[in-house]
Amino acid sequence: MIIEKFLNKWILFLLLIIPLCGLVFEEPYYITLTTKVIILAIAGIGLNLALGYCGLISFGHAAFFGTGGYVTGILSFHALNDELLFSWPIEFFGTSEMLIIWPIAILVCAALSFIIGLLSLRTSGVYFIMITLAFAQMLYFFSISWPTYGGEDGLSIYLRNSFPMVNTMDPFTFYLICLVWLVIALFVSFKLINSAFGMAFQAIKENEERVKSVGIETLKVKLIVFVISGTIAGLAGSLYTDLNRFVSPSVLDWHTSGEIMIFVILGGMARLYGPIVGAAFFIILEQTLGAYTENWQFWLGLILILEILYVRSGILGLFDKKKNNE
Amino acid sequence: MTSILFIEQLLNGIQFGTMLFLMSAGLTLIFGVMGLINLAHGSFYMIGAFCAALVAGITGSFWLALGASLCGAAIAGVLIEILIIRRLYRRDHLDQVLATFALILLLSEGVRWYFGAFPLYLSIPDSLNGTVPIFSEIIYSKYRLFIILMGFLIAVGLYLLITKTRLGIRIRAGQNDREMISALGVDISKLYTVVFALGAALAGLSGAMIGAIQSVEVGMGEPILILAFVVIVIGGIGSIKGAFVGSILVGVTDTLGRVFLPDLLKIFMQPAEATAIGSSIGSMLIYILMALILITKPSGLFGKS
Amino acid sequence: MNNKILNIKNLSKSYGAFKVTDEIAIDLNFNEIHALIGPNGAGKSTLIKQIVGSVRHDIGSIILDQENITDLSDVERAKIGISRTFQVSSIIPSFSALENIILSLLNGSNKTFQFFKNIKNNKDLDFKAKNILKEIELIDKSEIVASQLSHGDRRKLEVGLALATNPKVFLFDEPMAGLDENGTKIMINLFKKIKLNTPILLIEHDMDAVFALADRVSVINYGRIVATGTVDQIKSNELVRDVYLGYEI
């Protein structure tokens, strides 16, 4: 436990120091890379609530990540082209203000995860895994066949959306914005898992029947967790579009769902900092393996299989023998 | 005119459905008997297609290529089952999902490494080229008809295998009660390997047959894998009968939806708009179908609740 | 009629041709322990499941405190005041004994949907939970993770979880199973105290415990209630002797 806490501090330290070095040595690449880690970690923190703490194996979080991304892309696209998005109840031409985009993305993703959650939570086990996957695929195919926003080719927004008083095109500024969101996501997760509600959803993971028998409406609890989880992932998606200034159907692809899941598992499930470690490890692996071989995914697959077959507890779990022995 | 088009598309849907059945039969068997979610099932589809393309390139024979797809996928299935999969049977669904997802990365990348990134082509033999008249006015592709025939033959074969043979009895016993079957003295790990290889072989065969009308490339197994999952969720996981009904349902719905929905919408919409919306909704139709079925029957049409 | 807090009539459930419960009528008075005995597979646990609502019955009615709860779901029934223990200990393994009890207290105190207050700082819940731990004699082990508790302690915790929901009736499914003499004694004393406020429907194989505790006993066999009466009536009933042929009564 002590080592894990020590490690957690190191992770945060690295997330601060690497971009600072990048700033000092004028290597914006490292700032952008860290920003990417942070954004993916936020998505992982979202999934971790549902998957790690509540035991809801969602294989469709790309639906929320991608929708957050597309909402951002579409709003910004309309603002860029000064094109009417809808005319009722007011005329709305999209926006490129992050402060307006975020609440909209959050609302849309919350509504979407509410609908998907409501339908999916009627099932359990394998059916839940498959139905969440299928909903994400449904959106994926929709994004491919809907021509207005680029279809298969994706949608470019050219300029990052703006934030009052600062220049978001500056990598370090955008990194700071994402860092603030990471801290917020961590804070929300931390508060939730230590609350009465958190107690209920963590108990559901272990023994849902018991939780029902003490009179707690487990379906309602699971649905709320699912919505919060999906919304956080959606916000990460919004930031991801701004990072790349581009959004394409690949954010809705099931590989994205799988990768978000990998961040959570690699880092260690139901550990607050797990997704950050997982996302960082994933990106480091991608960068280092990618430098040596084009076929880095082969080695990634191999490492993952070995991890699942032999380590099981994730990277942070390696340092926490107590939980390991359970 | 439209009725001819309709029948033609209906046949296309059935053809698509029978191929889906070859995929989903293995998937549902593997889940039913071993309790394993195998995301890497699509990789056997790809491996089968590549084996076929390789053998066809060397020998020039389509029939040898089909045989190679069966054998190649089965051998790959046995190897992967022994090396990796059998360690996953006792794990929870999450571990299975992740490990087999990782397996996809590994196998896809491995195939890309060996064969290169360019698609390969597998040509249809002359005897199956061209069209054949059915009834008086309807002309249909010989090869697609051949696929439908093969699909139905294999469905019947599977049915006989499961109901009439000793292996089938063991498979059914394994589906009902895993403890009992090992108590009966059946070598369970051998049975698991055989079932896994059978599933892989069926997937490989369908990969080769589809490979001849599309192209043989890395990642070709993924879209069909997801459809196969939709099929078994609709049919009820573990049920072969469900897989068959689900396959045809999904194949027909998907094909007809994509073709006719835009036309249907043109009745009360601008043509351009109708095409856009129709094709978008058409591509989502089977997922909507699945959601509707699961809302009314949470464990599928033929699933055990 | 009015002294009946739980009244079950004509409860039937069958799987195909097999009747697991067959026109069961059983009731529970205030301040009583009503024991339900019968051989394995007689339908005792299925009856419990139907009363709590986790298994749906085919026909019949269940009335709790003048209210017909037949159509309510399992969670709704638990909220209204039916609390059960499980035959095989069903607790939250990674929670401490104290946390297990607090979880059980959440619903009653409307805390389930509190999202941001740290539960560990809630003095009120902590106090209530510790009182229950005292009652079940587990207060020394309140910080121990449930999966590390001994079998006997888990049985106690199981009862503690039921207590914490403060229900109208208790359904205890073999609470003494696997307990040593001392453990059984603790349970018997505890149940005598509980019944002063809340009646108990008790399924139990330990006949000494049943005869020491029960005000009334019903015997179930092949899904049917074959006899109901006081301990003495049941002991002398010949039909019961047949059911328990070879069983020392």
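Should a chain be cited, it is by its letter among A, B and C, assigned in written order, with residues numbered from 1 in that chain.
Following the convention adopted for this analysis, a residue touches a chain if its C-beta (ideal position, glycine included) is under 8 Å from a C-beta of that chain, and two chains touch if they have at least 3 such contacts.
Model, not experiment: these values are computed from the prediction.
Trainee: Looking at which chains touch which, would you call it a line, ring, star, complete or other?
Mentor: Line.
Trainee: Which one of the chains is farthest from subunit B, going by Cα centres?
Mentor: C
Trainee: Centroid of subunit A to centroid of subunit B, CA atoms only: how many Å?
Mentor: Going by mean C-alpha positions, subunit A sits 31 Å from subunit B.
Trainee: Measuring centre to centre with CA averages, how many angstrom lie between subunit A and subunit C?
Mentor: One centre to the other, that is 44 Å.
Trainee: So the centre of each chain is just the mean of its C-alpha atoms; given that, what is the distance between subunit B and subunit C in Å?
Mentor: 49
Trainee: So in the complex, the part of subunit B that touches subunit A is made up of which residues?
Mentor: 31, 37, 84, 87-88, 91, 93-95, 97-99, 101-110, 112-113, 222, 226, 229-230, 232-233, 237, 276, 279-280, 282-284, 287-288, 290-291, 294-295, 298-300
Trainee: Mind pulling up the subunit C residues that touch subunit A in the complex?
Mentor: 52, 54, 74-75, 78-79, 83-84, 86, 90-95, 99, 102-104, 106-108, 111-120, 122, 147, 161, 164-165
Trainee: Where on subunit A is subunit C touching in the complex?
Mentor: 191-192, 194-200, 202-203, 206-207, 209-221, 224, 326
Trainee: Applying the document's contact rule, which stretches of subunit A touch subunit B when the two form their complex?
Mentor: Interface residues on the subunit A side: 51, 57, 59, 119, 122-123, 125-127, 129-131, 133-135, 137-138, 141-142, 144-148, 254, 258, 261-262, 265, 295-298, 300-302, 304-305, 308-309, 312.
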